[in-house]
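Below are two complexes that have subunit A in common, paired first with subunit B and then with subunit C.
Right after this comes the complex of A and B.
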């Protein structure tokens, strides 16, 4: 249906244009009227996201496949945009979460304290537009331009609170990481385009025998954006620094463009050697474990969520790696289950991580701190936020009836298929099962800790005590996302049916039929059965409780009142203490910095304990690397004299040398 | 081939050498003006036959700008800044001339090898143009005053203009006019900047601008 595809493409491009225009309008209105600036910004964002969401969903259902090329005077560039199942599938969470986060932002930023709201809306709307364009682009130059726009707009959003502590440094880290990744992508597209003679995706061709090398370039370049270990170092810096709606969009959908890039490269290259699949699988397992262990050790709520994003990207990579293994070794069922699980987890993660970041934002908004050791007892003060956060936490742990379960279940399915099916990939399946099981268990501990310390117990400080529920603009999107999490969990079968064409794109037609058989029968039944069984059990327990309590006096009292004469909030578990049994085992990896003064004597007086966890990849890998580079380049400093004459001389000398070389050669 | 054209090119090379060796600012400005005026004839001579309107227009405009407008702008800047009349070279005059000779030899070597889309009207055209370009760049590099650097820029444009004659069939009038306008604006702006640098720092010694360099960490 090319005509419909073109129509949908025009709608999507219109949404991109509307985003750009409304952001700019918001800046100009901001000088005169704060209210109009916000209205224009959020109105444009929500309208564009609704239109885009509708078009993308329709494209998925219709399985639209279209490419349009518009005139664009740029060397090697053409404004080629296209729609196919993969693009449409990634567009859905992008527009969905961006629209909801835009509504949330209205409440989050109020009051503006006299700053121009256009500052936020310009970059936010441009970020959404550039993400959509990255997904739509079918030309290397256009893709890179959109990719760069995405990096820059999100950089400006990260440093939105540029006066706060450490925000500029975090922004700097993010900018450097983005551009290091970009360098690899430039090389990738240059090589692909040179072999094919054009930067259009349709013409791309990998020179014989180089598919593995090219995929490696893509893995580093796109993996930096996605946050695969060890390229994840920007995530735990940038997410806490950014305003919460921005963190939600960046973590929920922007880092997924990295996954999209890897999958798109796979589709463009046609086939990759098997070692690439093993590499992706290994990186996924490492990222998942690394992310969840670091998440356990964090005190900063948003930093914790950032590390959890690393973990979830690891799970997605596990799925993708299994899928690639299946393709390489001719196991269609493994391929279909792996890719389907990875893609479904992308969608799911967008929903629950968006929800969790928005919830964390509501907590920060209410209490003014992100430090979990200073929170506590917030469930009574922020009941809606607490309930939504709980839904997100259950979902991210991969527990039914929420959506996290479905994606991981598919990956488990693929891993067991690989384990049982064939000797050559059995080890991969085994590794994936073990990694997933470990990650899942640790994730439950991590989010039990996060939810328990922040929302349960008694407030640890006055800040937490004075917390208040978020306004309607912030509550609405959180409730909507929680509902989406539940709906995706109950309707996982339908979700898988919808992403089937995208999976077929990656596995080839043979994979679909084999995978379909195992997926369509087993999967929805299992998911629905488990979910409804669980709901039934919970319902029965609630009913039982009500019956047992009927007619009895129910008394409410303080938490932590179990016979203590003078209970204080300091008697509660701390976040560090809660995680200690688990983090102690991982000290080799975490390398925490601990200062303690232990109590001594029979009547101990003062004692102190302090621990902080840095990032081992940053301290042991990137810091020495960058310091070494700086030292090396420092030796060239004598070239920089500050004399204009010298600089012109350098230019002249190199031009004359080039001319001479060209003529004499 | 074309005697008048060759004479003109020899004259171009000689003025370059004079510029390299001259020690007085006002003198150098005058020489550059003379060079610009003579170059105005180049488009006419380069097309031995048929004075196209475009060639006449180009030559007249270029001569007007380089012969009268630029010198008066530079002289005004000189007056207003009360700069000392010496050129203050970083590389001495004799050394400059020796380097100039080397550059001349090199430009003849390059000129013979440079592949051209059309046969040049004179075999001297490309070497003379290249040499003028290099002279302009050398003046920018090896002289201390900001005014001398503007002068070097003008000479550089003279060289580009001469080289452009090779392509005069292909290069549209518009492009050449664009280059001319570019230089005009540049000289104009530079004149103003020189004036401001002078007012701010009490001198127009570009060498001392390195006080603005950020210190090494």
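Right after this comes the complex of A and C.
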């Protein structure tokens, strides 16, 4: 349906334009009226997201497939934009979460303390616009321009609180990581475009035998944005530094553009060698375990969530790797289940990670701290935030009846299907099963800890004691996301059906029938019927309990403390203590930095204990790498002397050299 | 599916409290005591369900929801659980993943309900529970993967239905390894010896009992009943591995399965009487050992 496709494409471009215009308008209005600045910014964002969400959803249902090219005065560039199931699928969470986070931001930033709100809205709306453009672009130059715009706008959002401790350094880390990744993408698009003679995606061609190498470039370049280990180092720095609605959008959807890039490259290359599939599978397993173990060791709530994003990107990569393995070995059911699970997890993660970051933002807003050891008992003070956070925590652990289970179930399905296959593929399936099961168990530990320590028990400090519920603008989006998590869990069968055209793009036509068969067979019964039955049983038991307790005495007292006379909130189990058995087992990987002064002597005086967990990839891999590079480049310092005539000499010398080269050639 | 399939979940809910009774009588026999009546668990439930409730001021609705959600998860798990040759009421590809994750959901709520009390005792139990689960869950799934690969089918009922005497004679090492692995999981998941001691309510060594220390009345009734059903669920996974030979008559198969569960309960009592609890730090090794047994079983299917 090209006509409908073009129309939807125009709506989407209109949304992108509206985002840009409203952001700019917000800045100009900000000088005069704070209120109007916020209204323009959030109004434009919400309206554009609603229009974009509608158009993207419609495109998915209609299976729209359209490309439009506009004239553009840029070398090699053309303003080619397109809409296909893959783009439409990624657009849905992008607009959904961005719109909700924009509403949340209104409550989160109030009061503005005299700063121009346009400072935020300009970059926020431009970030959403550039993410949409990345997904729509069908030309290498346009894609890279949008990609760079996305990196820069998100950089400015990360350093929004530029006066706070460590924020600028986090922003710097992010900026460097973005551009290192960008370098690989430049090489990728240059090579793809040179072979095809044009930067339009339609003309891209991989030179014979180079598909594997090109995919490797894409994996590093896009993997840096997605946060695959070991390219994830910017994530745990940037996410905690950014304001919470920005963290939600970055973690929920922006890093998914990296996954989109990998999948788009797969579709463009046509086929890749089998070792690429094994590499993605391995990176997925490593990222998943690495992320969840580090998440378990964190004290900073938002840093914990950032590491959990690394974990979830790992789960997505496990699905994608299984899908690629299925394609390479001619197992359409494995391919369909793997890709479908990976894609569904992208959507699911946007919902629950967005929700969790917004919840963490509400906690920070209420108490002024992100340190879980200083919190506690918040469920009584923030009942709505707490309930929504619990929904997100259950969902992210992959537990039924929430949406996390649906995506992981499909990936498990792919892994077990692979396990039934031939020996080599079977081992891949086995590795995926073990990785998923370990990640699942550790995620339960991690999020039982996060929810339990922050929201349950007694407040550990006065900050936590004075916490207050978030305002309506912040509460609404959280409740909406919790409802979406549940709806996607119960309606997973329908979600999978909508996914199908995007999956078919990746598996090829053979996967379509196998996918159809295995998924319709696997799915609707599981998720809808049993999850609803579970909820019904819970309801029945609640009713039973109420009947049994009716007319009987229900008293309140203190927690049983074995007769101890003076219990204090400090005697509760801490987050560090809760995770200690597991983190100690993983010490080799986590390499925690511990300073302790133990009690000594018969009458011990003061004792102290501190522990902090840095990132081993950063300390052992990137720090030495960057130091080495800096040392090496330091040797060229003598070239740079600050004297203008020497610089003129350099210019003349290079000109002469170039002329000589041109003559010889 | 047949009448026996429908009957099995009902029987499981009704008869599960018998299992702790059998275990306790066995332990009493070994100790030379008379022991509590066989139906003691039913008497306890009857008593608990007629009591009022006392809650800590620290707790919230999470504390009240914990036992209910846990119990509901186990009841839902019964819907995909076969008992020996008796298929589950619902069987579909991947149902065992749902089973594992329903147990996980129950565990999550038990753990957060324990943390809700703010007691350091219960926090300690919760911490240990999630630690052990981290090792137990992969072991369970790897064992099930071995069975799936052996049966070339992804539904729990089909995996268990195919375990005839002929299959046993042919795949004896695999099934024996998986059975040994599952027996360890059955003991640890149900917090029995040698992982946890169900008799010690106030010691620093406990796991499950300490997490439910603050529950009382109706809630504790749910906890106890759910614990009994959990014995049944994991027991069925072990018992199903030992087929009594296909009788072809569903009700006879069901009776054989029930007899198997009773034998398993007696074996549990015997193990508990003869073994000491292993040191807490050794428990992960025990669980990893169970995982290794299952993985070895799985590797036997590769050649």
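In this section, the second predicted complex is superposed on the first by the 648 of 665 C-alpha atoms of A that agree within 3 Å, B and C clash if a C-alpha of one lies under 4 Å from a C-alpha of the other, contacts with A are read in each partner's own complex, and residues count from 1 in each chain.
Following the convention adopted for this analysis, a contact is a pair of C-beta atoms (placed from the backbone, for glycine too) under 8 Å apart; a residue touches a chain by one contact, two chains touch by 3 or more.
Only a predicted model underlies this, so the values are computations on that prediction, with no experimental measurement involved.
Engineer: Touching A:648 in the superposition: subunit B (first), subunit C (second), both, neither?
Structural biologist: first
Engineer: Contacts for A:557 in the overlay, against subunit B (first) and subunit C (second): which applies, first, second, both or neither?
Structural biologist: second
Engineer: Looking at the overlay, does A:660 come into contact with subunit B only (first), subunit C only (second), both, or neither?
Structural biologist: first
Engineer: Is A:462 touching the first partner subunit B, the second partner subunit C, both, or neither of them?
Structural biologist: In the superposition, A:462 touches no partner, neither subunit B nor subunit C.
Engineer: Going by the contact rule set out at the top, does A:581 touch subunit B (first), subunit C (second), both, or neither?
Structural biologist: The answer is second: A:581 touches subunit C but not subunit B.
Engineer: Using the superposition on chain A described above, determine whether A:573 touches subunit B (first), subunit C (second), both, or neither.
Structural biologist: second
Engineer: Where does A:606 make contact in the superposed view: on subunit B (first), on subunit C (second), on both, or on neither?
Structural biologist: Neither partner.
Engineer: In the superposed arrangement, does A:538 touch subunit B (first), subunit C (second), both or neither?
Structural biologist: A:538: touches subunit C, not subunit B.
Engineer: Tell me the contact category for A:598 with respect to subunit B and subunit C: first, second, both or neither.
Structural biologist: neither
Engineer: Once the two structures are superposed, pull the subunit A residues common to the subunit B and subunit C interfaces.
Structural biologist: none
Engineer: What part of subunit C is in contact with subunit A in the complex they form?
Structural biologist: Residue positions touching the partner: 49-60, 62, 64, 68-69, 71-73, 75-76, 79-80, 90, 92-95, 97-98, 100-102, 104-105, 107-108, 111-112, 115-124, 126-128, 130-131, 133-138, 140-142, 145, 148-149, 152, 154, 202, 213-214, 217-219, 222, 284, 298, 302-303.
Engineer: Considering the complex alone, what residue numbers of subunit A touch subunit C?
Structural biologist: Per the stated touch rule, the residues are 376-377, 379-380, 390, 394, 397-400, 405, 409, 412-413, 416-417, 419-420, 423, 426-427, 430, 433-434, 437-438, 440-442, 444-445, 447-449, 451-453, 456-458, 518, 521-522, 525-526, 529-530, 533-534, 537-538, 541-542, 545, 548-549, 552-562, 569, 571-573, 577-582, 585.
Engineer: Using the touch definition from the top, list the residues of subunit B that touch subunit A in their complex.
Structural biologist: Residue positions touching the partner: 90, 106, 110, 113-114, 134, 137-138, 140-142, 144, 149, 206-207, 209-213, 216.
Engineer: Sort out for me which residues of subunit A touch subunit B in the complex.
Structural biologist: Contacts found on subunit A: 637, 640-646, 648-649, 652, 656, 659-660, 663-664.
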